[in-house]
Amino acid sequence: MSINSFGHLFRFTTWGESHGPAIGAVVDGCPPGLRLSEADVQPWLDKRRPGTSRFTTQRREPDQVRILSGVFEGRTTGTPISLMIENVDQRSKDYSEVALAYRPGHADYAYDAKYGFRDYRGGGRSSARETASRVAAGAVARLVIPQVRVRGWVEAIGGDAIDYAAFDDAAIDGNPFFCPDPAAAIRWEALVDGARKAGSSLGAVVACEAGGVPAGWGAPLYAKLDAELAHACMGINAVKGVEIGDGFAAAALTGEANADAMRPGDAGPEFLANHAGGITGGIATGQPIRLRVAFKPTSSILTPVATIDRDGAAADIATRGRHDPCVGIRGVPVVEAMMALVLADQALLHRGQTGR
Amino acid sequence: MSINSFGHLFRFTTWGESHGPAIGAVVDGCPPGLRLSEADVQPWLDKRRPGTSRFTTQRREPDQVRILSGVFEGRTTGTPISLMIENVDQRSKDYSEVALAYRPGHADYAYDAKYGFRDYRGGGRSSARETASRVAAGAVARLVIPQVRVRGWVEAIGGDAIDYAAFDDAAIDGNPFFCPDPAAAIRWEALVDGARKAGSSLGAVVACEAGGVPAGWGAPLYAKLDAELAHACMGINAVKGVEIGDGFAAAALTGEANADAMRPGDAGPEFLANHAGGITGGIATGQPIRLRVAFKPTSSILTPVATIDRDGAAADIATRGRHDPCVGIRGVPVVEAMMALVLADQALLHRGQTGR
Amino acid sequence: MSINSFGHLFRFTTWGESHGPAIGAVVDGCPPGLRLSEADVQPWLDKRRPGTSRFTTQRREPDQVRILSGVFEGRTTGTPISLMIENVDQRSKDYSEVALAYRPGHADYAYDAKYGFRDYRGGGRSSARETASRVAAGAVARLVIPQVRVRGWVEAIGGDAIDYAAFDDAAIDGNPFFCPDPAAAIRWEALVDGARKAGSSLGAVVACEAGGVPAGWGAPLYAKLDAELAHACMGINAVKGVEIGDGFAAAALTGEANADAMRPGDAGPEFLANHAGGITGGIATGQPIRLRVAFKPTSSILTPVATIDRDGAAADIATRGRHDPCVGIRGVPVVEAMMALVLADQALLHRGQTGR
Amino acid sequence: MSINSFGHLFRFTTWGESHGPAIGAVVDGCPPGLRLSEADVQPWLDKRRPGTSRFTTQRREPDQVRILSGVFEGRTTGTPISLMIENVDQRSKDYSEVALAYRPGHADYAYDAKYGFRDYRGGGRSSARETASRVAAGAVARLVIPQVRVRGWVEAIGGDAIDYAAFDDAAIDGNPFFCPDPAAAIRWEALVDGARKAGSSLGAVVACEAGGVPAGWGAPLYAKLDAELAHACMGINAVKGVEIGDGFAAAALTGEANADAMRPGDAGPEFLANHAGGITGGIATGQPIRLRVAFKPTSSILTPVATIDRDGAAADIATRGRHDPCVGIRGVPVVEAMMALVLADQALLHRGQTGR
């Protein structure tokens, strides 16, 4: 089985390195007849695009997507959709240091241990640049499940969390942090600026919710909706934790406190709480699907860290260059994309088996 | 792709319901020539077996495994290994209440929404009894990677955590909680007894570590070692969160605080910390793989909870019968099994692609 | 990917050896709500069952199937259906000769080259006994596509072919050869008897047709309906060739002679010929799907053949014991089963992607 | 599972239509460290390239391949290899006739039945142009198994077969038919010219052999080497039959006549015949792998054929434009590529499971 593909029926395969000529995704299994053009994909890529504020990497990539196949007269044909994004700003810089010494926290050492060598330019295949392909594929996934709204935001940066009482959906796109709490956004400006100027970095927690998922999507065992979402999100660069619903907090609760009681509603049950995050037994309940994702701080920092070089000798390495001081921020459109991709896949799996 | 199978090259498929005649697993892709008999599997099943203390369900299942295929003259042949466990204690009880009303937190409602009906006896396919099949398959996986030691324990019950300063590996198997901190084990006795007597339930956090995993296992993108582990663990009944290494705590750190510095060691690097939990870029670094798993409290409680019945009418339901007051405890051998299964699979994938 | 599984959405996994305690199949992905009991499976197994005439192996196996999971109150639940058939007549015989020397034409030598050793008793996993599992799984597949009628027959034995002008569907089940031409059936009686008495064996050609397959099932490239059928049939023991429609005869035709002209019909087109065997571009046209399968003569013969033993020394081997003089005869229900399994899978794949 | 991908561990995904901007393949799972540049791929594409003689379509495509990812400093990195071929000669022509009426023998009607509409320009995704992607991927596969030599040729055109007594490997690349028999090549010149001038078309039989495949590659049941090859070849446009070794001829033999006797050889057995085509029980024996593939005559012919249009009304259609009068000729490099792709995949699967 291919290890650069994701999904069962709605499936995508990505390719490309940070400093190659281009990156891309091939989306397979898309239903035929959906309206699709570059204009449906570009806005999501623009959300993820680097260089739009001083709080993200200064690499300037237009991230213009081209659809090379799978669309005819403005509609998907049911055949593979090839999406390509050219790399433009592969700034000529000296990678000799990165080529020789392993950056702690990066994939460098593990990669060499696996393959014997690696494309070290800008992280090669392990670069967060690969996530642009996921976002492009995710834009197609959204068209497969128009009834679903996937919406993410940053919940905390460097341990400073939003106040959910101040949650304002409209605020999310109004600041460079995808922050739904305007007061927190102001605090984060100083926080992230400080980290950036110090050559340091910060971790973040991203939350994401999918509304409109009908009860029944998912599977009881080895393609559980929550397991697929955990796989999807833990596979994003820099992610170290995933929670569904109450997550680790549920582990401290009693059964009574954790119960999502039901009463008769207009269409199916009305739930009195959503500790479960919209999933029981791996299957959607019809409530909003809720998850949280932990991003570690960017491993690229200016402070020199002890390491070894390719010959095993001691070295110190400081990572200069263009980096996100808080990689979790641009993680929001990526988490959204992965959630949309999982849900589109589950929608087709469910329809395949049950006809609904 | 089958949704009751797990793994790429080392792959298993499970079948069976709580109250059917038997459950089982078919393990496929096992290397030939490994010594294997029922005696290699049974001890792990015995760790998971119900009814061994008053802190677990009182269902009495001997959980005797039979190997029906794939072994000849004591060695694996490279062909499918069929493992079967007969169900013995399917106590005749009245399931009419469960058949009619949906138990909140259980798969009941979502299952009906998916399939239109369900085997409601004892949870049917969604019963935690299915995890016995995982444990049996996991026992085979351990034989594929003898250099690896997978070891799990309970870290917290109902919010009461162990003191890692008192961690004693030898203590884990000496109490009914897989607790490495003898003082915590004594506290938990009262805690779980209280919940059990009150007909309530408790959540738990399970930790698991794999030592001896060589640097290089894993994959850079869509079969990342951490993503596969997250999928494996989030797919266990009642799990709501998974962390690798520092997990959510890493999201509150700076890049400096999160860096796992390296210095020259005897064989490869020596790491000065393990915030990463032994995985960077989806690939093992050679450090111990560390993860944490959050189990919600058992949804079966005696306190009546508001719900609806199959006709959509309001109802109250209290779940009588035999249940684990804290399902996370018996989750330990299951988390271990899933970790072993992922690692065996990655070992073969790595060897297939790289020849190492 | 597991190598003992077949299918994408409707998928089955088989296990078991000729002389182990049992064999079986786990059918995954079956739609919920279908009526299913052992009585739906047994008749197909009875067609394939050995020992029913002197023209098949004299091994006496009742081939009683048990359904161990996936069915509740007489209907499929959408979860794995575990089918088990116990081996009864594992006659105690001396396999020392087979254990030491490789039978030409059998899997013996190649198996040892792959795995280093093998379960040599009765062919082990390579025994045609495994096909009982396929037939059992195929019986479930038929229920998924009740609108389809899959029907196979023997077209030729040892080069002696039926006369299609005498084709009588009703005759197929009236003789021990699944022969639709009563005159040929009489000839074959002498032919196969002669081979049996001489300790020789004969090859055969099996034809199979599926009526009622709607236009649209299939896929344009790497899951082409014809490619999937070729895979399914070439994977049956002793098969050496597969043709769709006119097959190799089409290679000698001109485009004009091979054209399947169309004219307006009551529901879609009416075809004036079916050279294509009901498939163009990998997708069903709505015509009957037609294929032919070549079975080589059973490799087990009494005439000694030169071979080598496990130490590489020269040896002669004659295969005594219970064997089908013409393994193609009992291939009919197996080809039917594989065709039903492919079609059920394609039906679900088509529905998953297109909603139809 | 994706339906535009092929292979288990060495896996490729293709995309693109006849008249889109480009076509391509993403090769995943390639071992790291192999020398690879465009110069390794281009010669195989040149063999398949249209417009090189008057016996193939006159579409002029340079078929220049670009490697967009997966190679660093001239070596494969173990990450996806993106291969792209731009479409150059999408001659502006009037497709209104093809858009409206279904060409018999083509995918047109079945495609519309499946997806509701299609990209009709030049066959869209069903165009034989897609096979260029297979050939490009196959060139990479050859590098994975340098010990194997895959070699194909045309055995018959329009029923006129070569004389194997006159077989000359060196002649194959010396004529426009990949014909190993110089006398047949001269006959075919007149034969194909006649068909071309008449606006007719001819079928062909392609043979292919792989030498150097070690005993042990393959799998006993559902990834049998012969089944995988049958799938690979039956999935090529216009193929209607596949044989391994003696194929259908074996069905007319007795067991004695079909036996491949063995005697001790220098390394493993020496076989006295190769009726089996180098595969028993789905596993390679170490003999040359031999297969034959039947290509139907090109369905595009000038003679008008009765058909229906999209509204179901009667119509006649004659296919003007640029077409191969015998599509089987250019099938040779495609069959070779598919064989190399299957063998590379099996090599990695074998190594993954057994370590050899």
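Note that the chains are named A, B, C and D in the order they appear, and that numbering of residues resets to 1 at the start of each chain.
Methods note: a contact is a pair of C-beta atoms (placed from the backbone, for glycine too) under 8 Å apart; a residue touches a chain by one contact, two chains touch by 3 or more.
Every value quoted in this text rests on a predicted model; they were computed, and no experiment measured them.
Counted as hops between touching chains, the shortest connection from chain B to chain D is 1.
Although chain C and chain D carry the same sequence, what matters here is overlap: shared residue numbers make up over half of all numbers found at their interface. Chain centres here are Cα means. That of chain A falls 46 Å from that of chain C.
Between the CA-based centres of chain A and chain B the separation comes to 26 Å, rounded to the whole angstrom.
One inter-chain figure worth recording: chain B and chain C are separated by 39 Å, centre to centre, where each centre is the mean of the chain's CA atoms. Multi-chain contact residues, meaning those touching two or more other chains, occur in chain B at positions 1-5, 8-9, 14, 29, 32, 78-79, 114-116, 125, 220, 349, 354. Taken in their complex, chain B has these residues touching chain A: 1-6, 8, 14, 102, 104-111, 113-116, 125-126, 130, 156, 158-159, 195, 200-205, 214-224, 226-235, 237, 239-248, 250-264, 268-269, 272, 275-277, 279-286, 292, 294-301, 303, 305-308, 312-314, 328, 349-350, 354. The touching residues of chain B, when paired with chain D in their complex, are 1, 9, 29-32, 78-79, 220, 348-349, 351-355.
Interface residues of chain C, counted against chain B in their complex, comprise 1-5, 7-9, 11, 13-17, 20-24, 26, 28-29, 32-33, 66, 68-70, 72, 75, 77-82, 114-119, 124-125.
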